Structure formats: structure tokens, C-alpha cells
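As written, the chain order gives the labels A, B, C, D, E and F, with residue 1 at the start of each chain.
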């Protein structure tokens, strides 16, 4: 990790500080659980739909299922992006993030306790300013908790899960990157952790130059702090 | 029109009364214009994206273009509906409403004054409780007005446009139908009008029995009142 | 309605006069009902396929189903249009008209009397010169009547249905617009009516300027006359 | 070739006799050439659309292009078949026949004489009773000839082309198979020939048992006779 | 057939000589049968997957099913071709060849002896240098034979099947065309034959000029020789 | 990390030992670079196609581009999987791995030195037994190196890249998981490293239980050893 004179962050935050987090629970009337979560200007609407029954390949197993879909509204980005329904196909990035959210939430689910029920999470980005996937996971957990309660199976949740992005910008490891930092990051990492401090997903990518073990360790430490902060915010929201 | 003993409306409204209308302008940070519009529990996010240039078939004409896309989030309805991007094709209803919104807004656009610019309206239903297409048109007009101002061509707007649903329920003509009334309507009509009281679209459908001329006239009168009310709300929001 | 010096119609018709209507019943050998219907140069082949059973969502209800698909052959238009099967997706206009035809025909169907049978109408435009959707509805009704007879349930038909286009050209309300008038129409309306003079669908669109209530009334009167004329032609064809 | 007691043909024809052939030229008003061709109950509408310019890969070559698309209307078959535009993809059989028609017609085109023009043939089966691809080729040739004349390049045609099906049914080689014979054929062959008796395409398929050289020779002889008969009918139609 | 001074073949072969044929049986570990077959530089991986059960339309018949899919890897050709999965649709040529391979193999299958089992052949072209479909058929037969043995129904095979391409280049009929000859061929024919010398498929196409009966006979004779040679190679491989 | 009595590996390897690695360079004749790489029974064909020019969004920049596509042949897996070209859409897993391979290779590319050329990597899994994505990256690097040499820009490569999977099975961290271990892994991680020991991608997923920091460190150490071994094998192959 080179030691450049550090440039301050565009929004004046400390390197290990989250953007303001806002969690509005029950933003929708119909869904079994719903949250409008904001990480700074990033706004993601997370909705959990609960239904009895499971996909065909799981029938008769006594086990439940949790799955997720992620999408961005066309006007959520700086420059309007085409609607995937109009293009007739879902892009690689959308697929990848949907799969990540689903895996992350399933890490804290006891399928047996859930019983043969399905919870479908929809994470729709209404406004994007970096960190949409991590906001989606963090918010979806709350919608999932409400959906488990709604189904009468609160014990199907074995823990909590939250996610945050970290990256190296101008040589400095930083927490919770907004879009302007994200595009300049040399290394970008998304980390999903449980409320008791274990890792569910670690996805680090060298955007510019490959990173060494010391840099990796610094990023993991930042992510541990960020996820712990988010876990507290989730507990408050669910209180 | 049969004269049944009238059942009161589920929300206690008079037959010619709108649901509470809420218009939150500039709900997004990036878009040239944006509105979160609510007709009762129906919530539609309308965003206008402005770009220089026009579609290929219009290049060099000196004329602008306005187009629209409508979509519903999966969890917006009582029972979750599949995502059209996942199905890989857009349904007939979505196409039909997108086309309706685009036509309605183009009715108040002076292409010459707009110049070779394109304004794309995205109307995404976050929560659906009847009247999503009329809320979308009414809200999109405001986002369109802001986008014209943003482009420096406020004169591209030649008037205002608003829309409302009307229908016959248990023999009674009623204004602004929520979902529970919509599904029971014998006749359902969506009317789009300009601020000066002319018709842009009249789409009446006999869901149950065909309707006679007297019923048609009663519905048109209700719609005229509803659109006039909405026009006032639009003016207030833009003031 | 402005009072311009009226230009005569290109084919010399009176403003309230239909183009020559030709109905050739049983144009196909296999279908339960089939009609080649011509409104002037517009030619639509309407075929009704009858099958026992209904779509899954209707099984066990004792009720039948009627649905329709509309399409244009590539060479039916002045300039060849691409085949939707080749493009891999159905356009918005096709969807919209297919849905309109289906709704219009279902307005005269008694599902109970039809029993758990399905009638599928296919309306394929072989040559297009304006009014293809109204010719399709008018012709499809006859194919539907033959299919009901073929299924042994003539009473499943509760009435007849016909459709015509009207519009304002150079300020004059006119009946049954050919393509050259259609593209110049300031206002364009398609009206579907039952044989006993009630409305099933009213779809009016301001193509150029919004229209006032007097213009709307004039168009509705023209449509009432046109549909009554078509109802007579349908009765003759079915005699 | 086994020598079974021969069953007479269902329509009383001789084994080497064509079904009644009807050719209605200029069935459409817009197309550069159009033909409604009937082989017995098989009805195919062939339309040729002419346009200046060629596909991108051929630009600047001075050479023209001819291509074809084949499709069946849903109600053309005994049991309604789903619309390929609705399925969102074109089936293997449709592709295969479209390619065959295009190749067959290109065999009699002088691209140099055609100049940088494109002729697109659309062959839409309105009613199917066996032999749709051979009727399509035979009819499309006439539409093509009219389109060449329409473009002012009659010399772009270097000859004529016609096609017929042959097959072995109950051990007997037969010409021009209707559907009931086609499904029972042990061997099925489609042969495309020029007006001067040369082969353009020979496509023989053993549906049941493989065929020997003597059977192949018998089928080729029948096809030669059939194509010669069709060539005469084409000349009469174009006279 | 014109009598030009014959140019020698690019690889020095006699006109009636096959390219070197290499057959590597059991190239894969999982499949019920698999072959890497090479005709010169053309390499096709043929895999047979066996499964109990048949497609829905065949259930309860007591009969089995055999089907095939053909595809080319993007880098198999001289110039990389786009992946059909990325384009989202299968091209006409791919469909046509898949259907040809399936039909060819079904010609030597006794469905009764196969029982309600399905064998799926996948023929993936790893490197293309002409003759990919004939190599695929020839190799797939061996994989099919191994799959029948694997299923315990060796008698489901009623014979063997092989395929070869022939064509006329510079007036000379030639066997087993590599790419450089294929593109120059005036006439191109693919012939599929059983081990006992009967025809399963004859697909001859005039690429340049139509061909006469004498030329057709010469090509058939060459194909008979080529298929007989390949039949010997198949027997050796299966010994 | 729990300390269970360790079960030996199914193939007798030590926990930090790679499966036998086979690299066959220039397996294809046409491609600018090609490798058949085998990790045990996993076989991936990696081909690099080089072309002048870059995608539109990069034109005129003086910079090159490298991209990758990954796919599995249907018969590569134990149970045949459907072809994505037939399904008409690419699955999420395929997208995700294609993007991973592309990013990994771009980490060792100097776009300036590459100039406005594009190298497209195709990684097709011929047989799958775990670790297909890591074999693909490791093999694709060699094909990429050959393609750079082929283009005359060997300096476009700034280093080498290799990848390996690691995981925790029955509490024991293990290197290079075959399918039977992969499905039982509690935690699964794919690590991409440069030849000089830096990280390009770290993708760890808790399949069963979340993992703690000590486990993460053990897995990273194993991956460092595995990638170093593969780097040696790459150097030998390119020598």
C-alpha cells in the first residue's frame, strides 16, 4: 500500500465512517415485510413476499426457500439506463447481484424452521450512488425478519446479516464508497457478515492493480467495523 | 342505468370525490424531473430523463421527442407478480399503458419548441391500488414540466394534462376507483384531459355488460370534474 | 370543431358512408369458423378454432373462454414491415389490438352456455388500408358465431358485436377511415358496439389537437350509424 | 421397392398426377409481385417486396439480393398451432423452409443484372394440406418475376424454378402428396428444378425405412414430370 | 458436366478419397457414449446422454426417443463466430443440422426395443474445416451404439449409419470436401446412408449453377463409396 | 474451525496438493492461441481470437480490449444440462463466471501496449469435475499470451495470472476441490492471483455456516500455494 498524501473524502467523512443510514420499515402496505433503506443518496426498496409452498425441486422436503431479485430503475443512475424488460434479457451484473443477495440471506435461515414456505425478496434500486448491493442486503434482512414474523416462524432466522463496500482510493482504504469513489477505486471489495462477526461473502476485485495481503487485511478490518455498525442500525430498526 | 339502492364507498368518499392526492416533487436527485405521486395507496414514481438528440427516424427534423415506459415492481400488487425482465418479455398491458402515457404527454408538447431533444418518462408503480395509469400520467406531466424547464425550453409545453378513472359500480357512476371497486366495475373508463378541458384520450370498456349512451355521458361528466381537480393540484405542485 | 371548406373524400364517399364491405364465410376448410372480411382494400382473414377444455386458471369452473390474436403479414402494408416472429417479440400495437378484439368478443359470450370450451380467434391482416382492427372484430364475430354452432352451443352468443373507426379530418367527422385519411386525422376513434346499440369499447385519441365534447358527440353519432350498418351486413352473412 | 397391391389415392388421382393448381396473380395491391397459389387445398400467399439497396455485407458490390421468409398462419393446420411470434422464437422447420425457398429462387437470379436492389419474398401458408414448401417456391417464382419487372430489371431472371413433393406410399412412388399421404409416406422427397430441367435442390428423407437406388430413381423421374407440368402453369400465369 | 483440365486437390487426395479419419471412443467420462471424431482438421465431440423416460407426447407408448443438437464453438471457425446463447436465438443452419442428425440416427433405431428411454446426442464442433455435419452423424452413431449398450438394449440399433459430403469443384465430382473446396463447390451434397447401402437422406444443393441428372448420378456414386469406407471405420472403432 | 478427525481425500491427495494438471498448447489450428487444460477430470478448451479494432465505446482511445465468455457443453456434467442457446438465455452462473474470467485477464494487460486490438477468450468446458472457472482462467492466460505474441505485442502482458479453488470440507481447509468435495464444502473460495503473488480476485462464500477470520486466513494461505504451483506450470507450458 503506497503512502500518498491522503485526499479528504468528498463528503468530509472519516475513512472508516458510514454514510448516513436511513431505514424506513413497512414502506409498503401489501408486502409481508418492506424497507426503504438509504445509504447516503443510494435508495433501495426491499420487499419480502411470503407464500406457502416451495419450488418444485424442494417439495415434500419439509424445508423452506428464500430467493432474491435485484434490479435498478432506469432513472436511478446519473445517465438513464435501458430497462432490462425492454431489452428482453437480464444483464450479467443484475444476475450476479441477485444471486449474491439470495445467498447472503440464506446464510441466516433455518430451512427446517421456515417449513415449506417461500420468501421472495425484491430489491429495487430507486436511486443509485454506490453500494446498492450492500444496501440491498442490509435492508432485505429487515424485510426478511418481518416476513418470518408474518409467517409465524421468527425462529427461522438464525442470526442477522449486513453488508458493506470497502475499497482503496488513492492508496487509502475506505469504508462505504459512494459512486465518485467507487469509479476511482484501485481495489473494490464487498463483504457480507453475520451479526456475530463471521463472514458470509468476501468479494474483492482489483480494478486497477492487484492488491497484496496487507491491503487485503486492512480492507477486511474496515469491513468488520462497517458491518458491526450496520448490525446495530438493523437492531434499532427492528426493536 | 339501473337504479339500485346505492352501497356507500369502502373509504366513505362521495361518488365524485378523488382519493387523497400527494405529489412529492424532486423525489430523485439525478433526473431532470421527478415526482412521487400518490392517489390514496397507489404510489407511482415518475422520472423524466432529458437528453440531447432524437431517435434516428427524427434526426435533422428540428423536432423533439417524448416517450414513456410504465412498469410495476413485483411486490407492488397484493400478490407478487413476476418481473417482466425475468420473463424476458413485456406483457400486453404494460405495452398498452406505456403507449397511452406517451401519447397523452405528447398532446401538450410543441416539438418545434422542444428542439432536437428527447424526454423519456419512466413511470414505475411502487404500490398499486387502482388507477396506476392515471396517477402515472398526472405525475409524469409534472416531471415533464420540470424537464422542459431543465432543458431551458419551458415553452415546449403547450398546456397541462391529467387523467382519472371512472366506472359504474352497482349501477352508480364513480370517480377514481381503488382496486376493490375496479374489479367490481361493470364499466371502466380512463379519461385523459388537458388543463383547458379538452379530451386527449377516452378509453371506455364494458367489463360486464355493454353501456348505453346515458351511462357514457354520466361517466364523461365525472371525469371532467376529476381532471379539473387534478389540474388544480398540478398547478399547486408546480407553483 | 372548426368549419373549414370541406375537401371531398378521396374515394368519393359521403362522410357517413362505409367503404364496400365484403364478407366471405368459410374461406378455410379446417377452422370451426372462418371469414375473409374486406373493408375496401383492407383484407382480414378471421379464423375461429374451437377446442374442448379451458386454460388452467379456469379449470373446473364450468365456464368457457374466448381469446384472440391479431397480426399483420409483412407485405400487408405499403412498405414491408418486419415479421414479429423474426424480431422475437410482439410489438405494443399488436398486443393492444389482440386484447381489444378478445375483450370485444367476450362481451357477447355467455361463458356458462359455452361450457368448458375455448374458442381462439386469429385475425390475420392480409392487406392493410386502415381499419384493420375494426374489420377484424366485425369479421371475427361471424367466425365466432360459426364456431359456437360448430360446438353445438349457439346460445353461448348473447348478441352480436361490430366495430368501426371514425375520425376528424380537416375538421370534418368521417366514418370508416382508409389509410390516407387515418394518417391525417386530428382525432381517431374506434368504437365497438353490440347489435342492440350499446357500447362495448370507446377508444378515442387526439392525434393532433385535443377534441372537445361537441366533437366527441359527433363522432359517437357517426360510429352508431356505422355499427348499425355493419350489424345488418353480419346478419345477412349469417343468414 | 416392394410390389404391394396398390391402394388408390384418396382423391382418385393417378400416381403421377398433380392436384388442381390455381394461380391468382396480383392478389395484393401493394406488393411488387403477389400470388395466391393453391395446390389442392393448400393455399399459400406469396408476396415479393422490392426495395433499393442491399444488406450491409453486400453494399458497394453492385450485386443484388433475394431472400425469403416462410410462415404458417395458426389456423392453417388441422389443429391450431401456436404463433411463432407469441412463442418468441422461430422453429427449426420454419427456418429450414425459409432458407430452402431463398436458395431456390436465388438459383435463377443474375445478381449483376438485378443491381443493388433487394427482393424479399414472403410465403405465408393460409391453409396447409401437404406440399406447402413446394407451392411456396412455385408461387414465389411468379411474384419474383413480377417484382423484377416492377424494378425494371426483367433480365435479372435467368430462368424459372418450380418445386414438387414426391414420396413412396404403400410401396408406390407418388407425385404431389396431400397431408394424408405425407404422414404415411415411407420416403418423402422435395425436388426443386429449373424450367430447363436441371436440379436446384434434391431433399430426400427416409421417414420409415431407408430407400434404395431404384426407388430414388423412380422418385426423381416423377419429380421431373411434376416440375415440368408446373413450369407450364407458371408460363401460362405470366403470359 | 463440363470437362475442364482438372486441378489437383489442395491436400493431394484422389477425388474419391476420404480425409484421414480419427475416432477416439469414450473421450468423456460421464456420458453414456462419447466420441471425438476427426475428418482431417474437422473435430466434432459427439456425446450421448441416456435417460429413462420419454418426452410428454410419447409417454405410455412403450416407445423410446432419440434426438440431437448440433452447435459450433465460437472459435471453431477461421473467423470467430458469435455464440448463439449470447445472441439469444439459434440460427437457421444450426436448427437444420440438428434436425438432420436426429432424423439420420432415428433411421436405425427400433423404438420398441429401446423402450421408454431417451437418448440425446450432442454434437459440438470444436474445430471446423468442412463436413462438420457428416462427421457429426458418423461419430454420433458410435456414441449412440455405446449408449444403447449402456442402457442394456443393444438390439435397439437396427443397423449403422454414416454420412459424407460430395460436391462438384471446377467440374469435377469430389468426395469429402474441406472448407476451401466447399466454398468453391458449384454443387454440394450431403448423403446419409445405412451400413447396408441404402439412403437415409440425400440433400443436394446447386450453389452456383443447377446440376443435371448425370452429375447427380456421379455424386451419388462417390457418396456410396465414401459411406462404405466410413462404415468400415465405424465397425473397427466399435470392435 | 472445528477439529474433526480428518477424512482422507477421495483421490488420496494431500490437503494442499493440486490434482494432476495437463496443458496442451495449440490444441486448435485457427485460433491465435489455444489450450486444452485439464485439472484432474475437468477439461476446458480455452481459445483466444485476436482481431484488430475495439468495441465502439473504446474507439479512438488507442487502447485495446480483452473479454471472455465461459460456457459448459451439455454433456460435460454428470447429468446433461440444457443448452443455453436452446433456452434462449444465459444463466446467472454463466454470466458471473464469464465476467470473472474477463476481469482476471484484464488485470495483467497493458491496454496501451495492446493498441486498438481486441482479444476474445472463449472458455468452453468439455468435461466438468469441479474447478472449471479456475482451470479456465489458468488456461486462458496461456492462450492470451500466445495471442499477444501472435499480434506482435508480447509486452501487452504485464504479468501472469492463475486461479485455484479452496474450501473447508469436514472442517479441513483443502486445495483444488473436485465435484464431490465441492458439493460438501462448508465454505468455498476462488482465488485469482498474479505470478508475483498479489491478489486479483478473492471470492469466498459460506455455503453452509459462516466462516471466521482464522478460517479465511487458512484458505488464503492454501490458495497462495496453489496459485504459485500453477504459475510454474504456466511458465513451463510457455517455455
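Note that contacts are C-beta pairs under 8 Å (C-beta built on N, C-alpha and C of every residue); 3 or more make two chains touch, one makes a residue touch a chain.
Owing to the predicted nature of the structure, the values given are computational and were not obtained by experimental measurement.
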item: Cα superposition angle of subunit A on its copy subunit E, in degrees to the nearest 5; value: 120
item: Label of the chain whose CA centroid is most distant from the centroid of subunit B; value: E
item: Remotest chain, subunit F as reference, centres from CA atoms; value: C
item: Whole-Å gap between the CA centroids of subunit A and subunit C; value: 51
item: Centre-to-centre distance between subunit D and subunit A (centres being mean Cα positions), rounded to whole Å; value: 59
item: Inter-chain centre distance, subunit D versus subunit E - centres from mean C-alpha coordinates, in Å; value: 26
item: In subunit D, residues with contacts to at least two other chains; value: 88-90
item: Ring of chains, enumerated from subunit A in the sense that reaches subunit B first; value: A, B, C, D, E, F
item: Residue ranges of subunit D touching subunit C (in the complex, touch as defined); value: 28-31, 34, 41, 45, 47-49, 51, 69, 71, 73-78, 80, 83-90, 94, 120, 122, 124, 126-127, 129
item: Footprint of subunit A on subunit F - complex, ascending; value: 89-93, 95-96, 98-99, 103, 107, 189, 193-194, 197-206, 209-213, 216, 220
